[in-house]
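Shared between the two complexes below is chain A, which has chain B as its partner in the first and chain C in the second.
Now for the complex of A and B:
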């Protein structure tokens, strides 16, 4: 592994600049980008959303939006000028010489076509196989990506396969034509921690077996540093730093890279140093959350959480981890009364047996922030009105709005803006401000940083910790990111298939007596280089 | 799609029809029409009226009258027309068959035009071709049937003399003459449906064209033709099925005007005649027949939808 650019690259990008024509002038998305990928080399491209990393992928695939104007530069694939290709020439490159693996396998596959068909069509097109041969080759390709029982999977529709299986099908399609280059666009972001880790292992094995060159795009510098031979850091369309991953990660030259590196969660660097003790704010006793009404002739649906018992103390940060479908969010829905539950909740000095017993005092004390601010903020209301509601409801004054905004480090004039005028991180700050408007003693954070870039995530987490120092608020912090939660939580609860399988001090999470599933989660979330 | 779902769905159809039958029967009771007076005329003697009321069971309690009517209706006997004295059921079924022929031909013509038109407009989104078809569609949607019908009549039947203006010939009698008589009504109805269905196909296609899986299909290097036919078309046409099923309802009830203009003795026209003549058995039979057809059409649409989109599982 060397940091030097290859002599005869598979892909060479030279001085490439790209503009988007907007209503008021043009915006430069890529500015003099130089990048080369040698045979069998994996180059990581890191940047935040809006840095231009996806635009570069679309430029290579020649799939640019209509308002894109290529200002300068060359894109060549083994000497072939990609920019000069006509439609026919392009079809012979896409899927054949350059494969692509997309971020979300559940939207990248056609929902009404069997999985097998979606591999077969590529093989028939690019390898000139007949239907029967293509079928056999597709099965072989699916076996190659270590899918159990490829024959059965071929006949299934996308909704009948898991996220990991679907991503393997997409990867099999990309590899099936033995391309020279594969573009990976955040291929594990939409997957569970453990599933994502297995996909990365598969990628490493396929790479070794096929010697394919790859461009691996991600916002997660920690992740890229583990898979790439070289890393390029993209900021506002410019490559600000490049080199071997260890060098970039351990000794970043550019300020921006330094910030990115600092934002990567590292399990052993604690951000909270106090101990949480004190009274119990909320306790769940054998909480089972069930969806759907019980119907006359049908068995009730299985509970989403099975008799979960835990307690949150004043000012404590209790982490809840587990993969999707483990019941983490259902727990949040039960505790906030958004879903009906069996069992009891102790809070505000009394016991609740039903969601309808949650009164104003309880709702004031227990607030929630959701994963997607886009769907939790009313798009037709101004930020000021959004914050005014809880203030009116829980006895605040409208004059508190500027202070609330300031608390979450937003300018006071944001009160007049609408949600769509804000960035993802800013919207999430508004959602946090809304929760704090009620002056709660516990805020449930349901994957609130999952949709954000690593660097924005770090800012949001820092904000939460500052608010906690100021108000002594406790958090039930639900996340799939074990490295992040190990930095901030006092205790960590691990959920698997609706059950609470482990609950222990954050410091003892990797102790030998931890639950096997806890250990599997830790193994799937390796600490970043350094 | 499980058999259980299918059975429940059929049960729902039956239930719908039952509710409709109650409503239909109740409304005809509320109508200010005395069956005996309708039958015998204004000048009948009170004794004669009483005798007829007795014979028709009009003195029975209302639920008993309903029960008699329903049990007879289930065997296909809706009574005799007060206007012609003929059995109502065959009369209404014949009328329905004509309307269904009109509906079927209109839907086929509409699909043959609207689907390619919608696709074409979607692929040229924002360009002149798209704007022009959009503009023409809006005119098609906003013109009332009688205007479209009159325009077609004037041009095709009056000026050019290509087609007979009005009337109906059963297909069994003289097939080509029958079709010639159907052209104008079918065209009129199709114009309206083409307009809104092509807009629907267009917007669905545009949605699908912007989806991730179409981008993925293109980036797999598939030929544009196979992207369009294998990946776009199927997903874009799914919602159209629902619209077509709703249109069946419109075609049965809403084209009275068209049937009237072209003197086509379909179910809508028969109902109008029955209502003006206060022909209670005919009104009841007509309304019920339409309800059943509509319920069956939407059930068929649901089944078709489930067969084409495997994500939808009825269980």
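Now for the complex of A and C:
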């Protein structure tokens, strides 16, 4: 591992600048980027959303939107000038000499073609094989990415394969033409923690075997520091820092990198040090959530969660972790009356057996904040109107709105703005302000930081903790990020396939008597370097 | 709003459609005043007079000036078509949004009824309604509005189903909001975009449906200078004096095309992904 740029690089980007023409002038997305990737080297490109990292990937693939203007610079692949290529030249490069692995394998594969066809087609086109030869080669390629029973898998359609299997097929396709360079654009972001970890292990083995050069793009500095030989940090189209991952991570020179590193969650750095209060705010007894009513001629759908029992105490932060589909969001929907449930909920001194029994007192006491701030605020309403609703429903004066905004550290004049004028982090703050306008005793946070950048995530978490100190609110914090939840939760509940498999103090989450699934989750989310 | 207008005018369809509609609006407002002659003045000496200096677009079988009738008739053709469409759209939008909001059995019940009504062709339904309500422009308007409602309900429901799945609707449900608030304030404003586009396209249909009803003798009654009626009356003289039928037919066509172009333009202008 060396920190110095290679002498004869596979990919060389020199002083590359890219503009997008917009209605009101031009916006610079890449500004004088220099990057070189040597043979067999993996370069990590880290940046937050809007930093231009995906634009760089598409510039290398020569697939830029129509309004893109390349201001200056050179892109060369082993001496071949990529910018000078015509359509025919591009065909010879794309997929053959440069492969690409996308973020979401379910959209990267054609849903109407069998998985095998998609690999065979690439092989016939780029390696000039006949159909029978391509079929054998495809099988070999799928075996190479450690897929069990590739022959059977090739006959399946994308919707018949799991996310991890699909991503392996995409990776197999990218590697099958023996390219010189592979671009990875957040290849594990759309996958579950454990599946993502396995994909990373596979990637490490493949690069050892094939010696391919790779550009690994991610927003996750911790992740990149584990897979890359060198790391470049991109901010607003400029590379602000580059070097060996340990150096960038342990001794960041640029202010921005320092902030980025500080924002990465570390499981052993606790942010909450008080104990939770005594009284129970909400208790679920054998709660099983189900969707959809019974329809004519159709059997009722199976419940999304099995009977779950847990209780949240006053001021407590209870973490709920699990993979997607484990039923953790269904739990939130059951508790807020958005889905039907069996079993009982004890809260506000009553027992509820049905969603219809949720009265104003319960709805006020239990508030929810959703994952996507873009969709949880009505785009046609001003922020002031959005915040006015809980005040009107649960009592409160409209004159409280500036105070509510101030509480989440937004200026009071934001009340006149529309949601689309705000950034993702600001929108999430509005959603938090809306929940706190009801003066709740429990706020259910459903993956509320998953759609945010690391540094914004740190700010939102810090804001939640400050609000908790101020109001003594309890949180049911649903997340897939074990490192984050270990920093803030008092207790952690682990869910798997609709079942609560583990519920223990955060400090004892890595104890030897933890559930095997809990241990697998911890193993799949290692602490970042340093 | 001004931003939307600017984006609309930047697309060629939007610009042409808007320009034609401004002309048609002027015709509706000022047509009768600007008309060179009395649209109902009969001139037996000028029967079937070809287009020329005296009658720019010729004269019909009773010697009435075709241009004047066309200009006067705009007022009884376009506003009624627009009114019928707006009524149908409003009813359809509320039904569709409500159906999407209620979901489950209610959705099923409402949509199956809508399907049943949709199974009857629009013109046939309008004919049925007019023949039971009685002839006349207002009844024809109502009939067209009712004929449009199921289609609009389907379009709105499909958009509203997406909106229903948005977290802000869930947030409102979790907050314990009333159904009327969720349907009217949270959902309806967010389905407006596609519905507006659909509406403009349907205005063109309404103009033609109106013309058809009048042509069949069920809408406007002679001697009103309604365009559809003009086509119907001129049909017999098509070999003798084709200009009598061509002028109103072209006017109907241009109106339909203008609304269609506006619809296309609005579809592009309302698409937020096309931000550049």
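Just so it is clear, the second predicted complex is superposed on the first by the 523 of 530 C-alpha atoms of A that agree within 3 Å, B and C clash if a C-alpha of one lies under 4 Å from a C-alpha of the other, contacts with A are read in each partner's own complex, and residues count from 1 in each chain.
Going forward, a residue touches a chain if its C-beta (ideal position, glycine included) is under 8 Å from a C-beta of that chain, and two chains touch if they have at least 3 such contacts.
Every value quoted in this text rests on a predicted model; they were computed, and no experiment measured them.
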item: Partner chain(s) touched by A:111 [first = chain B, second = chain C, both, neither]; value: first
item: Touching partner for A:358 - first (chain B), second (chain C), both, neither; value: second
item: Partner chain(s) touched by A:375 [first = chain B, second = chain C, both, neither]; value: second
item: First, second, both or neither for A:389, with chain B first and chain C second; value: second
item: Which superposed partner A:130 touches (first chain B, second chain C, both, neither); value: neither
item: Partner chain(s) touched by A:336 [first = chain B, second = chain C, both, neither]; value: second
item: Contacts on chain A seen with chain B and repeated with chain C across the two complexes; value: none
item: Chain A - residues contacting chain B, complex; value: 61, 63, 87, 90-96, 100, 102, 104, 107-113, 121-122, 125-126, 157, 159-160, 170, 173
item: Residue numbers on chain A that touch chain C, as the complex places them; value: 21-23, 67, 292-293, 295, 333, 336-338, 358, 360, 363, 367-368, 370-372, 375-381, 389-390, 393, 431, 434, 438
item: Chain A-touching residues of chain C, taken from the complex the two chains share; value: 104-105, 108, 166-168, 170-177, 185-186, 189-190, 275-276
item: Partner chain A, residues of chain B touching it in the complex; value: 211-224, 226, 230-231, 234-235, 238, 308-311
